[in-house]
Amino acid sequence: MPLPQEFHDLAARVNNWGRWGPDDEIGTLNLITTQVVREAAACIRSGRRIPLALPLRQDGVQTGVIPGRVNPLHTMTAVNHEIFGPGTVATSDDAVTMGLQSATHWDGLAHVSHSGRLYNNRPAGTVTAHLGATALGIERATPIVSRGVLLDVARAHRTDRLPAGHAITPEDLDAAEELARTTVRPGDIVLIRTGQLQHYLAGDRQAYAFPSPGLSLRTPEWFRARDVAAVANDTLTFEIFPPEIEDLWMPVHALHLVEMGMLQGQNWNLEELSAVCAEEGRGAFFLSATAEPFVGGTGAPVAPVAVL
Amino acid sequence: MPLPQEFHDLAARVNNWGRWGPDDEIGTLNLITTQVVREAAACIRSGRRIPLALPLRQDGVQTGVIPGRVNPLHTMTAVNHEIFGPGTVATSDDAVTMGLQSATHWDGLAHVSHSGRLYNNRPAGTVTAHLGATALGIERATPIVSRGVLLDVARAHRTDRLPAGHAITPEDLDAAEELARTTVRPGDIVLIRTGQLQHYLAGDRQAYAFPSPGLSLRTPEWFRARDVAAVANDTLTFEIFPPEIEDLWMPVHALHLVEMGMLQGQNWNLEELSAVCAEEGRGAFFLSATAEPFVGGTGAPVAPVAVL
Amino acid sequence: MPLPQEFHDLAARVNNWGRWGPDDEIGTLNLITTQVVREAAACIRSGRRIPLALPLRQDGVQTGVIPGRVNPLHTMTAVNHEIFGPGTVATSDDAVTMGLQSATHWDGLAHVSHSGRLYNNRPAGTVTAHLGATALGIERATPIVSRGVLLDVARAHRTDRLPAGHAITPEDLDAAEELARTTVRPGDIVLIRTGQLQHYLAGDRQAYAFPSPGLSLRTPEWFRARDVAAVANDTLTFEIFPPEIEDLWMPVHALHLVEMGMLQGQNWNLEELSAVCAEEGRGAFFLSATAEPFVGGTGAPVAPVAVL
Amino acid sequence: MPLPQEFHDLAARVNNWGRWGPDDEIGTLNLITTQVVREAAACIRSGRRIPLALPLRQDGVQTGVIPGRVNPLHTMTAVNHEIFGPGTVATSDDAVTMGLQSATHWDGLAHVSHSGRLYNNRPAGTVTAHLGATALGIERATPIVSRGVLLDVARAHRTDRLPAGHAITPEDLDAAEELARTTVRPGDIVLIRTGQLQHYLAGDRQAYAFPSPGLSLRTPEWFRARDVAAVANDTLTFEIFPPEIEDLWMPVHALHLVEMGMLQGQNWNLEELSAVCAEEGRGAFFLSATAEPFVGGTGAPVAPVAVL
């Protein structure tokens, strides 16, 4: 079943292919200029640091529905091992197996293709089982440090958590921007809070996973108009799921990653950030969120920190 | 063989047990106050961002000598998979297996014990094969954002790379501090460059691993006197290896992690940072280096970024 | 809470420590003599081969309740990769991460300890996080080829599947032995069918896992009296679960593995074997069930085959 | 570069496509009839069992040259863990990550394709990163039990180990067959000993890997004429490596797996078997070598046992 005309129309309106040259592999991260970073630094006022990553653990957010996207399996390879003999200094060591997109992560630009193409007209076939993403790999998307803006859509709706069927609209973003007391600018990284993560934090990963509120088909144009550098939120699916249009699956993924060349973040914990921003009456901060640079990765875990 | 008296004397001089209360699990990270973070922000002048992590790949720095500390194995679980049927949006997904301390990483406080004890008098037995570090786990050491200072010992010695047998002394650190045109202050994170990583970057991981220049037994007191929050460098072994005193293995690890409660970073790429700092005539910057929060981890990968 | 006297009495009656010398590491596998193997060969009459392993897949029998015992994660490292250039022969390669005891497996003798001891009075401490089982590792338990006898307890009870609360008794084993038309002899490997696996085969892994019928506290003496070499069945827990005596957990594991030095098999698929044995009016066959020889393994996957 | 005409001529002469129907997925394993198994059973005379698998360990035969084919990483998830409280029965558990073809293994029929095709004219595209081999997966190739015949080419040449450049010829196989005092028959599994594994057993995995003696282009016809069910040997590369004809890489793999539909075994330890066969003046035995049934696997570890 081909993608509908509506999708292609949207794609044409947000497309960034060629904008940063035919060889570009980082898309909207190009918008983070040194000037943007300096302005981000100016947002640091109290010096308060807020971590946005979920702890990495075997009872993470994955439910098993997506094959291969396994929660972190943490295993020990040594426990208080006296390598050099009895009475010497002892070490403990560990290893992990995990899906790169199983926890708090960035979707890389090679994560999604449609019609045989990745961002910037790269063939989908540049992703191989042997080497992973030979173009557009997540290792190229480094470093990710910019101004962050929290768009607290749940709070703007005066609720703790948006209902499952809530498709976030441009109007929702406008309202949340007003609440943030700032204007979203080129190079900003926008964090959108739905409150959906509260399901997981309360122990119910099934409710967290599905059904989920999330971004609607109409939001990519909003991000494109403001030239944001990246978007992350506090859901597993990022966009509303099940989707708005029958049989049009993951259109927001395709518009962001393929057409715009814009990274997406999922499973970010925005709860403490929401409380602090409300308390301090602000929505802009310094954000540091560099992906672990897995060569060929189609995504990567990240341990983001907001500095206020 | 018991640890020698010399070690115990040093231990007594640098020990921080109880300093932040009997329940403290983050040690010298306590020194990163909001004031320190604000001063770090003031170091951002050009807005230039420099990544300090090595790319994560199967031909990483591990040689196989440390059992279980395996280089990242990146595997694919989907390549352009049209989940919802032919013609739909396609996704690629991946997974990884790796030693938590195999690449650019922080050693956590539970990584090392001696005489049956971890930092702050915790029993070594709180690390178990079942749960890993039930106290002092790396997930507690978040977020790590502070002022960074590069102590470029190689450059201070007017060389690209210190020779293998070079045990870095307090005098070396003093000279490098002068070169950095700043004074190391409480809460700073100190990055020490030996140039040893050049071996790996040139393709010779054996030469990189061993023998290695590194910190000497005399340096922990230097860090303790200045109350630095953490120390990282560009070697596999962190401290000089083979060790200075026969049969006294990994004493610097034990002093930093167990006695002081201070995180250590290894395999950090300081080459570009060194060039830029020399070019700009400075050594202080904003450093963001939050560990991936593996629950129970005795260490964790990190993707540090210096912002100048 | 100490183990009850009843347990210690049973332990004394079935104990095999020292029976094959102080250095023995394979326990009742010693009972498989060349004579036993020749008699096993004589059981091959039709030449029919019946596989007893479950397919290894991500939706395997593990439910996540036992941390670290993860179902197999099968990932690709190459798909039709033309290593030597376009048009050359192409290869596909794959990797796996799995719990050694997650699927059809043998529990090795190092899997269980009680009162600080493993089989043959080895200290429990010989199992380390660094090397796994430095004694009694599963790699020593090779090869496992002997006469197999199916004790089809479900069929003897004229049912497809024993109810969850059914604790298999010596009388059950006697009845099933009669049905098998053979006498259990020294060196035999006994396969006990409960029918419980039908839950999993029907798609309900929760019902399969718990609660479960299984061997009762009274059966180890039955196996000890007949000097069987190993026992396997078609459940996740092997013994009845929850246990017969409050707060006495896994007593059959402890009696078999620690006291007798007898391997246990779990998650074996005995459904086809049951049908064929019933059809052919027999219960004895040639059984080949060598564990994958993981060095230091406390258990291992096995792909057992019955040859009739 | 297209495959040369010589290859296509050989392919036409050994091809088995369609021979067992258009849907066949097990190829020459079809030749193992119940009659063959009964004859195999008749080979059991002494009852002696000889294991043919290498121990699975991190310092296995892989050198790192083949990306993703990692030696087994054995990690602990519990060590003497008293799950149900102090004083209760304690368990140790473990996990593994490994390349399916990293140790003693079978190459499955989906492991190799050429010209876009797998065995029996299946499209190469039936192997996907998402599901692995959706046709011809190793899980279908079960059980593997038959008569085994050792062709001890090294011994027939009166040497311990063939030189690296030795391409095994049909004449070599004839001579070794004579030494084995049997005639290779339809359904047999042939084990070919070069002695090359002695390099690895002596600690030199580089010398073991490359260069290597192995099967020549002329041998597939020999196996096809005798209708053997499978072939395994004691090398990493199976066929002579570097290859006999420049730029014709892995032709024997392609002829066996794609054209004939015949499994190949690698890294089998035939040293003890060689000694015992020589001692007993025989070369035929009962062989049990069922692959671990990984669903979608392009190969699998196996713990083969010869019973004499």
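Letters A, B, C and D mark the chains as written, and numbering starts fresh at 1 in each.
Throughout what follows, a contact is a pair of C-beta atoms (placed from the backbone, for glycine too) under 8 Å apart; a residue touches a chain by one contact, two chains touch by 3 or more.
By chain, UniProt protein names: A, B, C, D = Cyclase.
Model, not experiment: these values are computed from the prediction.
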item: Chain pair showing more contacts of the two, C-D and A-C; value: C-D
item: Chain centre separation (subunit A (Cyclase), subunit C (Cyclase); CA means) in Å; value: 45
item: Gap in Å, rounded to a whole number, between the CA centres of subunit D (Cyclase) and subunit C (Cyclase); value: 27
item: Of all residues in subunit A (Cyclase), the ones touching two or more other chains; value: 67-68, 70, 73, 75-79, 92, 94-95, 97, 128-130
item: Touch-based graph of the chains, sorted into line, ring, star, complete or other; value: complete
item: Residues of subunit D (Cyclase) defined as touching subunit A (Cyclase) within the complex; value: 67-68, 73, 75-77, 79, 95, 97, 129-131
item: Residues on subunit A (Cyclase) engaged by subunit B (Cyclase) in the complex (per definition of touch); value: 1-3, 33-38, 41, 44-51, 53-57, 66-70, 72, 74, 76-80, 83-101, 110-114, 124-125, 127-129, 132-133, 139, 142-143, 145, 247, 249-251, 253-254, 286, 288, 290-299, 301-305, 307
